[in-house]
Amino acid sequence: MIPIDNFLVLSAILFSLGMYGVLARRNAVLILMSVELMLQAVVINFVAFAVYLNPETFTGIIFAIFVIVIAAAEVGLALAIILRLFRNRQISNVDEADLMKW
Amino acid sequence: MGMDQAWLIPAIPAAAFAILLIFGPYLPRKGDWLAIAAIGASFVLVFPMLADLLDQADGTTYVAGEKAWEWLSFELAGVGETFEIEIGFYVDPITIVMLAVVTLVALMVQVYSIAYMKGDLRYGWYFTAMSLFAASMLTLVLANNLLLLYAGWEAVGFCSFLLIGFWWEKRSAAEAAKKAFITTRIGDVGLLIGIIMLWHEGPNTFNIQEIIHFAEEGGYGNTYLTAAVLFLFMGALGKSGQFPLHVWLPDAMEGPTPVSALIHAATMVVAGVYLVARMLPLFEVADPIALDIVLIVGLTTVMISATMGLAATDIKRVIAYSTLNSLGLMFVALGSSAVAAAMLYLFVHGFFKALLFLGAGSVIHATEEQDMDRLGGLAAKMPITAATFAIGTLAMIGIVPLSGFWAKDEVLVFAEEEQNIIVYLVLLSSLVITGLYMMRLFVRTFLFAPRVQETYAHAHEGGLLITVPLLVLGLLATVGGFVVFDEVGEALGFPGGFAQFVFLHGAHEFKFHLDTAITSTALAGGGAVAGWVLWQDKAALAAHIRDAFAPVSALLANRYYIDEIYQFAIDRIVLVLGGIIAWVDRVVVNDTGVNGSANLGYFAGFEIKFLQTGRIPNYALAIVAGILVLSIVMLVTQV
Amino acid sequence: MTYEEAIFYVIAAVTVAGGLGVVTARNVVHSALFLILSLIGVAAVFVLLASEFLAIVQVLVYGGAVTILILFAMMLTRVRDIAGPMDGPQRPIAALAAAVFLGTTVLAVKETEWRGNTEEATVVSIDQIGDVLFTTWAMPFEIASLVLMVALIGSIVLARGEEGE
Amino acid sequence: MTASLEWGLLAPEFLLAGWAAFIILIELFWGGLGKERLGWLAALGAVAAGGLSLIWVDDATQFGELADINDYTTLFRVFFCGIGATICVLSARYVSDRLLHPGEYYALILLAVVGANGMAAAHELLTAYISLELLSFSLYVLTAYAKFDLRSNEAGLKYMLLGAFSSAFFLYGIGLIYGATGSTQYAEIGEVLSGDTSDIEWGMYLGLAMMIGGLGFKVAAVPFHMYTPDAYEGAPIPITALISSLSKAAGFAFFLKLFAVAFLPLIDDWRYFIAGLSVATMAVGNLVAIQQRNIKRLLAYSSIGQVGYLLLGIAALSQDAASALVLHMIGYAVTNLAAFTCVILYYNWTGKEEIEEYKGLADRAPYLALGLTIALFSLAGMPLFAGFTTKFILFQAAAEQDLLWLAGVAAFFSFVSLYYYLIVIREMYLGEPEEKTRFPTPWLGYTALTALIAGVFLMGLYPKPVFDIVEDGTNTIFVSEELDGGEDLVGVP
Amino acid sequence: MEYVLLALILIPLGVCPLFMLIPSRYPQLSRYLAALAGGALFALSLLVFIVYQFDAGAGLGTGLRYELQWDWLENIGFLGENGITFYLGVDGIGAPLVLLNGVAIFAAVFVSWNITHRTKDFFVLLFLLVSGVYGVFISQDLFFFFFWYEVAVLPMYLLIAVWGASSQFGTFSRTKEYGAMKLTLMLVGGSVLIFIGIFALFVEAGAGTFDMVVLREQALDEDFQKWVFPLFMVGFGVLAGMWPLHTWSPDGHVAAPTGVSMLHAGVLMKLGAFGILRVGMTLLPEGAEFWAPVLMVLGVTGAVYGSVSALAQTDLKYMVGYSSVSHMGFVLMGLASMTQIGVNGAVLQMFAHGVMTALMFTNVGAIYDQAHVRDMTQFGGIAKRMPRHSAFFAIAGLSSLGLPGLAGFVAEFHIFVGVFRAGYWWAGGLGILSAAITATYVLRMLSRAYFGPLNEKWADLKEMRLGEQFAAVLLIAMILFMGLWPAPFIDRISDTVEMIPGITG
């Protein structure tokens, strides 16, 4: 079978990509998508650990389910906020949202 | 009544002071009678004291009386000793002499003041302060320990400040008072250090006799003791107006003239002499350099004061210079270990100097003028004043048989015997100068034609209150000197004579060297005659000489520029230093040190806040950076 | 290399490519599409991990709901009309940070000797999952429902237009 | 899998959630109730829930394998319900004047309290995480709740996106820890970590670092704090108060329990990292606060500074430190709420929140100025007030654990903080008011303020009752560890 | 009696809410209440001072009497039995200082009679300050010691910033906000060090208690003492005006209203020296011995530096402020001598400086209230118009320059003797010199401002208010009391000082 390391490394790569996306992207929606990527990586991690290391209680899988749920809810909520921001200010780039600083 | 009641002597004026301070304004005549009664009572009390002392005398040896009360005391942790400060009185012949001079002169001066100060705005306050002064001075004299002595010492200084500045509305009076206090205070720094030094290595007491005893047994190290007594001497230097701290005394003449008579002639200024005389055993045990310094200081003062007296025109100032002159002479005597001579001089000086001041006061009272260039010929209008003043002048110059002669002669004898010839010669030369300027004073004030007719016109002799003290003092100034003769002393009831009485440490007779006497009388008389000649009538000759030696006379008139040097030192050094430190405090310590560190925090905050850009990617980067640093450092350090 | 590994690598490549597309695409819609690709890839990974249930959830929740939502949001916010670059000035630092992070993580993952069987994935059946989800994990489940409620309320309150808007 | 699920143990949470729904419904169907009364009603629910949780005082039981119902939980339940109730009361006027949808607003506050309770109760990571998200989601929404306020929108966006971002890290960390230890139960993690960990140390430490980062975000430790000032400034003021008290307290309840039970065996490994975070947090929070011109932002930075002090308790983790930490947290929350009460009342009245707009407040509303002054002095750690006593005990607890230097740094920054509090006080007492009108007395607001100030004084003058309760609470997390892991694990002297 | 001690803290704390209940329209009512409370405090303080000596109480090696110990926080966490107790007790050092505080507040109330702006708020803060000061003097628990110490600092900012005055000088200006802020921050900054020191001390002692009576019996490691003592020395030193951390003092006093300056310079600065003695030297005798030379250098520097700086001031308040620095330098010298005489002197000086500086500020305030100028060069001949005021001022000055018969001399003399006894010749000499410089600036001030011809600008000045006169007379009575009959003070102080470890004869 495939060693667990493969999954973990895949997860790490996805997480890094997501992280890069958050740091580099300007658009709020794109950032949100990047966060989703990171969460995907987390989920991979959880599942891999659950099925390889902890199959008896498979907490990881449960965790993964919840993470997915939360992630979905998060997207919904975040999009609502982004939408609200756009309606009020016609912007969706996060670096333009700097009314408050210093 | 006996020596145990000695505390009453200062206590009575002190009580008078307290009453006057609080109730004075409500008393009839502002309570002047109370002050005079108090000092009179003190004066009277001296006699039982004296009688007691004489009663207890064992042949020619006198037994000193001492009584003390604890003022404060506490155990010293882990040492087993007790730190104790007492209030105590010590009565021995020196004390008695001082008490007599102080109370008598004070009495005379206060009686005189009733007339002199009449109508003054602060008439009551004058007597209040005078009472305080009397109490302080008597405490100083009677004190059995150095600390009480110091207390009295400071208190008389304070009274001097009050009384010099009595007319404080005058800028010059206020300044003079300040100058007097601060100058003497500088000396007192030394005094206090000296006292503490004597206590520190000493027998854990401030008692003077115990300290002396301890010192005589070699308890102190030689160098240590020398240093300590020199510090003590610093105090005497300031209080007695010795060079270089003499500058305050001439200025002190801003005070009312009776004050000058009492404080700045007869009593307070001789406290330094008294202190050194009291502590002389220590000086003798210490390195000889200590006494040499006393001598040199005295000699210097004698010369500079005498020469400055030549150039002064204010009559009170001239007398002040003569006071310095006399005090210098006393220190010369002390420097020669001639305590009896010094005390004798102190005794008679009190009378004739007070007399001179009161005489001057009488003149000033009558003419409201104290510049001798604007006086003259007053003898005609004020015969009693002129006569007593003449006695005082001659006593000061040292003409036989007035009191000053005998005392001065003793000093000269000791100087000749104990010291080298230079000292003697210098002293002799000072006699000439003394003759010159004293005669100048008398001649210019009382004789020949009046220079300002107007002033002369309303000059008049004062009332009895003024003339009686003058006469009493004149009498004393005339006959006071005869106590040098043991016969006189014994006749007065002192076993062994006055010299034996005053000097406690074995026989130390007054000596009379005829050649010395003749030399000194000749020189002093010569000086006086020369003075008469120089300043007679229009003083043309003196003016001629003055013009011929213009730089010298300018030097003298400007008092050797010593005041200017001090002024310079204060303005340019002390005040500038103070200014620099104040500036450093504000700019460096405060603005840089304190505000600077505050600003550092402020600007750190200012810089850091710009990291807060308001942009999400930056914020996210901070999170990432934080996690990366945490992870990497944790992995590196822990794995 | 076993065939399973080969399949894994293919899937992984697709997933990573998708992810790369998400974070680099110039066109936002392309990004969203790449995200779908990546999500599908992850779902495939779940299959490889013998967790078909999760794969189904993944496809339904993400592939269905989330991406649609995102596309809607893009439409509503008219993302395509926005001028200017898609990436901020922070890109080089971001790349560096990501690389460092990747290196660290991979190193840590590789260095760790995971306890248990690291070679064989165990199948977890849907029954088991369903069983524990409502018994052992009942409390998170309940709370998750509240989370969803909050998200729901929040989205409605925030997104809905008000009078006068 | 034979977990006993006594749902009754979660009754307070159910009550809160149900009450939240009830509030929404009542707003829908009973429009005549009035917006302000809705807040009182919500507060009533929170108070009831808090009272309900008192049933389990001195009880020590568990809900399944997920949550403890013991004194620790009870303590925090009451505490969080109290915060929730206070915020509801404080919101009443503000919400009715300035916000739409009050029903949902109060419901979200109650749900946030549920999340916070869950965080304190959980002894398992999944439950804790979900609870954390419940709390966070509620706060995200509430932050953005002023729909037409641009700053509120922006604050919500920042809070939300960064929250999600940091959640990802936190989850990644959980994943690694889970992988390394095979469990998400705190106690089991602690048991594994107390054994030989040399084989899993890479993953373990990386996971730990990421979890610290994630928790750091939740409690706003530097450098994970960046969202805080913006979120505070943008959010409606009562919500700012909520974030600064509830969110922070819940974060620490979670942090403390997790680290005390699960990560205590590794304390020597992470202690200095927490200490470092603590120093950075105190420094940045307090130094930047000096620069602030907006009262909310100022309080945001000041709360960051406070987090630094609280982290001290984590760094010095021991039973004493835990008690001290919780005590300080309670004291801080009470004080902070008092300060926010004043800010809210002032804002309700004038709509102003810049510090310089506070000038002359002492003339116009003496009691308000006095209250704010007391609160600020307390935050600065001046005596008579809670801040001094609780800080003293907290710092002393740190010093007991060989972290004297850290206690010293904390004391120093606490001194720095005095400066910016004084700036506010200066404006209030020295500034000339622009208009002379007196402040109309808001009786209910002043009642709340008085109660909070009384709390500030109580904690400052006689904290023993509170300390006793707190210690009972923190004892439980350490005692359980003792039972599981043996004597040598417990860093309690 | 122990409840009298309690009352000393509770009365000032208790009147604060009472003040708040008084409507602001009746400022006169606040004043009467303040006078009442001040009088009560003065009476009780006097009672404590007098009765102390008559009660040969146990005190067991500490000199403590009238102990009152209530549990506050114990058996909790790191705190053992008697962990933190509300522990009151007065010893021979505390007794005179309690009296000092009583005198100062009673006088300050009368001096503050003319406060019209927010009268009741002023008194609230003033009494808060006073309660803190009392607390420090009679607390025997380190926690509460520090607690009250901070309470005393707490109201300072508002007291100065609200009721103070800004000043403009030739080249620079000092606003009241600046003075208040600097004062507050520096004092609190100093207490950070104390904070750390207390932590370290508690941990090292390991007794689980903050009870100072217990703590002083703990044998602490010498190296530990050596590094902790400077924390206390510098921390308390800030409040004691220790050079170079004294700069808050002149600026703060210049800005502060008169009553506050009186209390602050008169009493509050003593807390610093008292802290060094009570906490630093008592609990850490070996550390104190090690650092004594440093403290001596700082003390002497402060004494000379303060007096020389005062010499350069023309502003009356600055002069008095710097003179405080100078006199507190004497206190530090006395402490640093580590001899019984010196330490006795230091405590005496605390009292003496307290009353005379309060008197000085009373007088400066009296003239400033009328003239709104404090620059002595602008005055002249004021004694003509305000003779009593001038006399009072002169007495204060004379006491401060060490005139025998007044309080200053007794204290300074002990200090100098102690310093000499400890072998610091140079320090003693410089100290005495500094006293002479004091004479210079005091007399310069009197001569400039009060003597000389009356400056017509001030022809309409009036004598100081009766309340101020009363305050001045009260303070002068204290100056004379101690100056003429110091035995009651010395008896109390010495019995306690000799029990302090590390103090030798």
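Just so it is clear, A, B, C, D and E label the chains in written order, and each chain counts residues from 1 on its own.
We adopt the following convention: a contact is a pair of C-beta atoms (placed from the backbone, for glycine too) under 8 Å apart; a residue touches a chain by one contact, two chains touch by 3 or more.
Values in this document were obtained by computation on a predicted structure and should not be read as measured data.
Where the centre means the average of the CA atoms, what chain is farthest from chain E?
So the chain farthest away from chain E turns out to be C.
Which chain has its C-alpha centre farthest away from the C-alpha centre of chain B?
Most distant chain from chain B: C.
Taking the mean of the C-alpha atoms as each chain's centre, how many Å separate chain B from chain E?
Using C-alpha averages as centres, the distance is 37 Å.
In angstrom, rounded to a whole number, how far apart do the mean CA points of chain B and chain D lie?
77
Any idea how many Å lie between the Cα centroids of chain A and chain B?
The separation of the two C-alpha centroids amounts to 96 Å.
Counting only Cα atoms for the centres, state how far chain C is from chain E in Å.
Chain centroid spacing, chain C to chain E, equals 69 Å.
Scan chain D for residues touching two or more other chains and write them down.
Expected reply: 126, 130, 133, 137, 140-141, 144, 147-148, 156-158, 161, 165, 176, 179, 182, 201-202, 205-206, 229-230, 291, 419.
Give the residues of chain B touching no fewer than two other chains, as numbers and ranges.
Residues 598, 609, 612, 614-618, 620-621, 624-625, 627, 631, 635, 639 of chain B touch two or more partner chains.
Return the residues of chain E touching two or more other chains; collapse runs of consecutive numbers into ranges.
185
Spell out all pairs of chains that touch, sorted by label.
Chain pairs that touch: A-B, A-C, A-D, B-C, B-D, B-E, C-D, D-E.
Quick one: which bits of chain E touch chain D in the complex? Just the residue numbers, please.
These residues of chain E touch chain D: 71-73, 76-78, 132, 143, 146-148, 150-151, 153-154, 157-158, 161-162, 177, 181, 184-185, 188-189, 191-192, 195-196, 198-200, 202-203.
Quick one: in the complex, what on chain C touches chain B?
Going through chain C, the ones touching chain B are 88, 90, 93-94, 97, 100-101, 104, 108, 111.
Which of the residues in chain B end up touching chain A in this complex?
609-610, 612-617, 620-621, 624
Which stretch or stretches of chain E touch chain B in the complex?
Touching chain B: residues 172, 182, 185-186, 244, 247-248, 250-251, 305, 308-313, 322, 340-341, 344, 381, 383-384, 398, 401-405, 409, 413, 416-417, 420-421, 428-429, 432-433, 435-436, 439-440, 443-444, 446-447, 450-454, 486-487, 490-491, 494-495, 497-499, 503-505 of chain E.
Sort out for me which residues of chain A touch chain D in the complex.
Per the stated touch rule, the residues are 8, 15, 18, 22, 28, 31-32, 35, 38-39, 41-42, 45-46, 48-49, 53-54, 57, 59-60, 62-63, 66-67, 70, 73-74, 77-78, 81-82, 84-85, 88-89, 94, 97-102.
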